[in-house]
């Protein structure tokens, strides 16, 4: 009973070692700082060159407020639509076995790589007044989509939904499928498994995808101006207003850009807080 | 001949030095007769940076071929963009020898110290030499579905019209035409530029669009252009000014370019493209 | 086999094949024992319907469930790391099954609540799985599986996710709950101790095939493969505990050995430790807190890279040592050695 135990090691060296390994290596820190600088400097430039003295007056212009409101509403509606259609699509891509799945996945990402303006033209060709589907909508229901707020939402969904689909598909692939098996052994149908187990478990992924989707929709320009046109109040979103202002008054464009940036930052930070806290 | 975007203004001090040197030699050339001048011209060399409104693309590309044939040692670099965008580029220090804008207002937007070379302006024109005019036309799809015949028809119910945004010259001209004639037209969209208006007309998404004569010519038989008297009213008519800039690195070549544009050859090519000439 | 559970499991995946016949009576606990990768878990998943059979059948209580979908089978399953739904409270986890079976929300929660109460988890009903200890999580998982009132209970390595210090207690509790269950239980384990303590019958699964089956005593008595021999070569004794000392039942010569325990206990007890926990010495070791017995070598057998030494006592022991140790100690039949086992390596159970 008197044998000393030689296994016990003093604590101090271990702690020191841990402290050293906790410091980030410079090979990561330097590029990271450069990246932050590159991403933040243009924003700082906008702040510096903004016409601060008459900022308040510029912000009260009715066109600014209506463009901001239209942007927030359409981006939110576009995100909701993307979630409603994109989550089932992501599930099919992640879980279902069907011929041509790889091909479908590649197709889904097409809007990410084609220039948005081309996307807008493509939407016109399909859904425009003389479009492949649009002409029938016009003839049968008297429905024309271009130059309406609905067209703004469609253009945003077109460019932004792939972000959501890719993000949610990734979460679905990363999710532990054994939980779904556990639910099945408890008698859950496939639909119940999806709504009560799969969906809650990939909720963070859906949230992240929705944020990306919303941000992309908010900044959408090319497809919107091509497909929905530019009319104050109904189709002129903030990015369009910024572009138009740029033609005549670059300072006004800076003001509008700052407003868009600050509002979207505020929304994103709030959402993030909410998710982190739950 | 090359086309390029603006480059970093590193060469600005060099350009200034070169300009002084060339200005000195130019003084020596003063008083030489026509024959000498022509010989001088053929000895021109270097790189000539021409900034021109996008609507001049076809015309200036033809002229550049002509110019390079006459002056084999000169490399003409063409930079096409919207007039106001070019003005922003020049104000930011982009190296430019010649600026040809789509309206006189834009020419005035170039900052004083970067604008027209004062010596050149004194000899030629304070606001640049007017070398072309462009009038509005009503562009309709070839089958003219809404049966548009006059400018007043565009104000009618059930006629969807696309305008350029007021911030760009073709939009300003449309507003001038409305104000000049007391016609009140509400378009369904204010497009970001004249190309976008043409696209909407070509696709049949709108019944009519207001574009320039030159655009109708370049669109061939994809659209039909209707001339209307209101387009001749005062400010609805676009004047194209051209001039040699203060920062010109090759002022002699620049002057030669301006001369070519104003020459019979230039006029013929401009008229062929649908421009009016003064 | 006309038993309550009658399964003939044949399936193949890549180069893995499983071919096993399993049976268990109502109220019986069948342990599938075997090395990792032998196909135990595949057999369990096949019983659950999570992997399809290539051939064979699964009958439970006279009903053929071979082609029934997972959600329709009369089963309850406890997974290796329990797989409690992380976004639901313990209560909702248990109520999930009854809800899926059509019970109303209130009724499902009432049933879940009473199950948790019986398992002594009332105060944890509202807790998220992440905040439960391993033993608590296992009980919630068991309650969740029992809440669907299964006729066949499937347990996949129920002890694997627990740390050694809680195992003994949790194993004893688990046995208690399983004894109350009136259907058949199939338990997968790679730990012979689990199988010996928990199961009424053991089926050894090796290389995808069902080998020996029988009561733990039958399987231990006549091991037919080295794997089984080593697996069941557990040093298991019966005795009477008082404080931290257990006096073992007297052997053939009438002498009684004692074993020191890590924790105090009292009354009749089972004492167990694996052969690898036994160290051999040429001279009596001094000073360390271990059980030391003077024994002599009864036989030496080689298993793979280890040597199993049978020792005559009391107590009669098996020890696993390295070939180098055999040479160093000169372990030949009849040689006297001292066998030592640390008290911490000894497990005991009330009987």
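In this document, chain identifiers A, B and C correspond to the written order of the chains, with residue numbering beginning at 1 in each.
Operating definition for what follows: contacts are C-beta pairs under 8 Å (C-beta built on N, C-alpha and C of every residue); 3 or more make two chains touch, one makes a residue touch a chain.
These figures come from a predicted structure and were not determined experimentally.
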{"item": "Per Cα centroids, the chain farthest from chain A", "value": "C"}
{"item": "Closest chain to the centre of mass proxy, which here is the mean CA position", "value": "A"}
{"item": "Distance between chain centroids, defined by C-alpha means - chain A, chain C (Å)", "value": "50"}
{"item": "Averaged-CA centre spacing for the pair chain C and chain B, given as whole angstrom", "value": "88"}
{"item": "Chain centre separation (chain A, chain B; CA means) in Å", "value": "40"}
{"item": "Residues on chain B engaged by chain A in the complex (per definition of touch)", "value": "82, 84-85, 88, 160, 162, 165, 167-168, 187-192, 196, 199-200, 203-205"}
{"item": "Chain A residues touching chain B - in the complex, by the definition given at the top", "value": "121, 124-125, 128-130, 146-147, 225-226, 228-232, 235-236, 240, 243-245, 247-248, 250"}
{"item": "Residue ranges of chain C in contact with chain A within the complex", "value": "48, 50, 69-73, 75-77, 79, 83, 85-87, 96-97, 100-101, 144-145, 147-148, 154, 287-289"}
{"item": "Touching residues on chain A, where the partner in the complex is chain C", "value": "1-3, 176, 178-179, 181-189, 192, 196-197, 200-201, 203"}
